[in-house]
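Here subunit A shows up in two complexes: once beside subunit B, once beside subunit C.
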Partner chain A sequence: MGTLFKIAWRNVWRHGKRTALTIITMAFGLGLYIGMDSVLKGMDRTGLDNIINLTDSSVRVSTAAYEEERGSFPLDQPLPDPAGLADFIRSRPRVLATAERTRFVGQLSNGIDALYVLAVALDPEDDARVLDLPQYVEGSWLAGGGNEIVLGAKLAADLGLGLGDWVTLAARTRWEAQNADDFRVVGLIDATEPSISGSGVFVSFEDADTLLELDGLRTELIVRMERRDTLAAAMEDSDALAAAVESRFPEMAAMSFGDVGRQFLELAKAKSKSITMIIFVMMLIAGVGIANTVLMSVYARIREVGVLRAFGLHPKDITRLFLIEGGIIGVVGAAAGLLVGLGIDLFFIRVGMPLEAMMGGIDMGLPVGGTLYGEWNPDQFAVAAVVGIVVALISSWSPAKKASRLEVTNALRFV
Partner chain B sequence: MASILKLDGIAKTYVKGQNQVRALAGIDLDIEAGEFLAVVGPSGSGKTTLLNIVGCLDSPSAGVVLYNGTPLGSMKEDQLSEYRKKHISFIFQSYNLIPVLTVRENVELPLVIERRMNKNEIRAKADELLKAVGLEGLGDRYPRELSGGQEQRVAIARALVKEPYIVLADEPTANLDSHTAEEIVDIMRDINKSKGATFIFSTHDALVQKHARRVVTIRDGLVHSDERK
Partner chain C sequence: MRKTIQATLVAGIFAAALAAQEALPELAGDEIMRRVDANLAAGSIAYSGVMEIDLGHRTLRKEMRVVAQGQDRSFVEFVNPEDEGVRYLKIGDELWMYFPEEGDTVKISGHLLKEGMMGSDLSYEDTLESGALTDKYDITVSGTEELDGRPCYVLELSAKVRDVSYERQKFWVDGQRFVVLKSEMYAKSGKLLKESRVLAVKAFGKRWYPVTVMMKDLLKKGGGTVFTMTDVRFDVSLPDDMFSLRRLGR
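What follows is the complex of A and B.
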């Protein structure tokens, strides 16, 4: 009924401060929910893209024995036939390229300080076809040979190194002999994957062969597959290829992007759970605020309820009257929340948050580095709107019922 | 003339914890359509209780109220709301206008609740009543912008707008100065004459009382005297 709405609407704004506070709480909570969801989704996507494009590729193959000891990056578990393996993989559907890598533990020294690092020896051209590392290099990517080294930007900064500086990389060779060589820093790499900027060390096979006496030893094969639109499809492709590799080469371990991605999403889910908790608490506060606002409204208008009843309004109409009041706060609060959410979304999608600058280089354990971007999340706008209105209606239910149960004579006598 | 209201042995006892208060002790009363009846008596004699029972805002502990021959006590909440919506109107001592509604919206309210007329009819009717109580042109004001006498006139317009059969007014002039009080009773009497609505009002003001056509005095919850003029 129009008049009930009119009465409710005008009463809602009669106590402007109280109402505004409740609406702000709700808008803040819902807006934060939308914004955080956008950032988390963006973080997930960047994190997953990082896995495929920067660290592990779609499928990473090594021997099963190597995979067991992966933490120590041993040099005694080479791929038995890297070329045969690569041929097989390239014959599979949706495979675009493969590249070989050999990881090793080294000690990087600027002449004063030394740091243990996990270095990667690679074929600069092949590797660039599988991963996107060169896109993030300041200076130049490895040319192959000539004692060049590319370092993570933050690692270089920690050691006080810049482009053109020389460093010493010491490591145990394949035959357990201590060896060292000097390298010139040709590139600094700062990718959205924090581990690359923080600890990335890349040299070419030409130079690593000498340093580590590799003699063609390769421990890992990485694979670029076609980009798929959905995460699920990308995971499926990787799973299928990994399974094919393992059944064709039983002594091999093929790590699918699917496995890594699912682990990653599990972690991300835990994070989004804590966000949901925060939002839950904020909605609880907003709900209590609305319940309180409506209850105050009921107490302030007990006599009015008596008058309306005396003129023939049914108790149900009284319930409705106060539900409408709560509903108005809910709708306005939700609308304001969507606006706040839209603002946060726009900021994170258009501008992004420069993590380094914000955190001052402190490692927050985030799965992405560089600038953090958000993702559009229209479904969460709908969720927020529904949550806001439902919270408002639920919270005003009990005071509205209370009002409808007032004895008319008592209500009229109330001063 | 047939009685519109017949009260038969109406008693009301309020129970508050250990205490029992006997507000009405057995009231018999016949009220005819179109009467202009004052219920008088000292404070605490049971006037408000009696009016509330007639208006179905409260139920008696004993006795029956017959409205056109129908016992009100047997009605359920839905029927009670209907009865109050269609047949009865109230005027309160403290006006009780809805503060967030304009004067006109207040007067329109019973018609809106009744849902019988369309918007234009309702508006025309409200303006007609505002004119009848001498408040023409004040329809867009809010109650807080009016004097007490003006507020009570709005309340009268609101009570009369749906053309009820019975108007119950509990001390309608108690908050007003004697001059304004007489004006208000005059307006009530005019409408009583022109529209034929039955008025039952309580008062302890002798000046107001003298305008009544019938004065029922209650004392200690019983009818003490019943005079017609």
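What follows is the complex of A and C.
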């Protein structure tokens, strides 16, 4: 076996350019696979983080009637007893904080253009205990009162607004009367959640109470729960709390992180099909390359095969010889692929991909925004290595068998 | 001599304006609005309409045929090439829209109601306003003014119920024709949100009716939306199913 390996090793590098081309193809394919996997995993992780930290929290509670009409953000379906609901939720295990919110439809005007927006009225301090919005604010978060407004950075840019500018927010009061007031832009949010950067509008309850005549009307309650080490545990916690809320308050609808997260992951599954297709195509190309390299090696060395057979090498040894050659290409190609993958992975993990700059501001419908970072996934390195070597061996099998079937006399006479 | 002529001219203009104002009899706000409503009220009405929406950088033109019965029922079908076949049906405070390409009927509800109708300065909610203003507003006459050469009553409308679109409105009513020539709609905060101007009024028998109206959403720049009615016919006979979902989707 040692002799066969030495012969195979020498043969592989005898046609260096051909072998290098095959290895480069494999390295590119496997590296791309690892990089793509890293980006998609990063997108999933960021998307789930966005749900729990920026948009929906661990559990979001509103009345069942409100949830049915959620698309229109009605102000006539308030929480009947927000304080009682919050007390119950805070008494449950692993709950850290709750915050009340009221969503409403408004029209934001810079005096030249007016855009319809879905705005959120909130208690700035309570909200910051549940969601991480203030961490993404350039300028300052709401202080409460004083006609302050925080806008998504992209929305503000669309309206040509900057920090310190004044903007008019018009909306219908809870009694359906038109109202409008001027607000000073104190903060701009550029978060990893595109909907917040693109259309986020946040005002304090103090100002919204006047604008919308809320009189304490709150439409939803959001909840922060303890951070868990695994996604499954976080989902289980939120599912259990949502079930407890709906059991205690049958007229309520509690949407758990589990519910929202599972819907998100279902969508993410569709994305993983694309990565499977990429690796299939790349491995097909690499496989054809390896088969071609080994086959060319067989034809170039037919007389050599005849000599080896004449020295008494068994046809099985000939098969092994060429399989080892394929295996060497596979191992070296896989190793190169892992190196390329590691490089791409490290780039995405440390530097990230600035989505807006790359897409030129075009909305590609991605579930995340800002800079997308990759996710370290050692399992996929093992998968890539195994796939690379297996593809190389399978591709070499046919040419190796062909070589082993050559008649000694014919092989020796071959010119 | 020149000063005398100038003084005479100024005095003449003031006198004419004063005469025009003084020519208006003293009427209560409710009575003025009752006469305005009488002008507008019709068993049924049919007309062709053109809506020109000035977006600032371009102007959209929408053509339509409209049939209405009282204030609560109307049926609109767009006939301009871009929107041909799009229909609206309003019954009371409900509004449906029919999309011919999809063959689909959609009820306009929720935040869609707040958006401008076909991109205009008129929101869907504005079109759903119904009921007598005297039931919803305390109407007082704050004075008389001349507007576009017409003597007008200036009315202040202050909401007496909570479920009205505008807390306060101001009307300039032609004191002889009893047509609202100008109106201003204010937010609860006092901010002026919308303004409408009647650009043309036409007599139909004893009835004066506004046939060209400009509506402007003051939250945005642009020339506003000008709506022109032609081929106006009153008290037309309508089929029984004129205001039905079946006809909307036919």
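Quick note on the criterion: the second predicted complex is superposed on the first by the 415 of 415 C-alpha atoms of A that agree within 3 Å, B and C clash if a C-alpha of one lies under 4 Å from a C-alpha of the other, contacts with A are read in each partner's own complex, and residues count from 1 in each chain.
Criterion: a contact is a pair of C-beta atoms (placed from the backbone, for glycine too) under 8 Å apart; a residue touches a chain by one contact, two chains touch by 3 or more.
The structure displayed is predicted, hence computed values, not measured ones.
Participant: Here subunit A is shared; do subunit B and subunit C fit on it together or clash?
Facilitator: Result for subunit B and subunit C: fit.
Participant: Touching A:Asp181 in the superposition: subunit B (first), subunit C (second), both, neither?
Facilitator: Second partner only.
Participant: For the superposed three-chain arrangement, provide the angle subunit B-subunit A-subunit C between C-alpha centres, rounded in steps of 10 degrees.
Facilitator: Once the two structures are overlaid, it is 140 degrees.
Participant: First (subunit B), second (subunit C), both or neither: which does A:Thr230 touch?
Facilitator: Touch status of A:Thr230: no partner.
Participant: Quick check for you: in the superposed arrangement, does A:Phe73 touch first (subunit B), second (subunit C), both or neither?
Facilitator: Only subunit C is touched by A:Phe73; subunit B is not.
Participant: Once chain A of both complexes is superposed, is A:Arg172 in touch with subunit B (first), subunit C (second), both, or neither?
Facilitator: second
Participant: Per the contact definition in the header, classify A:His314: touching subunit B only (first), subunit C only (second), both, or neither.
Facilitator: First partner only.
Participant: Quick one: is A:Ser91 in contact with subunit B, with subunit C, with both, or with neither? Answer first, second, both or neither.
Facilitator: Neither partner.
Participant: Minimum Cα separation, subunit B versus subunit C, post-superposition (Å)?
Facilitator: Across the overlay, subunit B reaches subunit C at a minimum of 69 Å between C-alpha atoms.
Participant: Under the definition above, what is the set of subunit C residues touching subunit A in their complex?
Facilitator: 56, 109-112, 114-115, 159, 162-167, 185, 187-189, 191, 193, 217, 219-221
Participant: With touch defined as at the start, can you tell me which subunit A residues reach subunit C in the complex?
Facilitator: Its residues touching subunit C are 69, 71-74, 105, 107, 109, 111-114, 116, 118, 168, 170, 172-173, 175-182, 211, 213.
Participant: Could you please specify the touching residues of subunit B with respect to subunit A in the complex?
Facilitator: 52, 55, 57-58, 77-78, 81-86, 89-90, 92, 94, 96, 98-101, 105, 108-110, 112-114
Participant: Which stretch or stretches of subunit A touch subunit B in the complex?
Facilitator: So the residues of subunit A touching subunit B come out as 1-3, 6-7, 10-11, 14, 303-304, 306-315, 408-409, 412.
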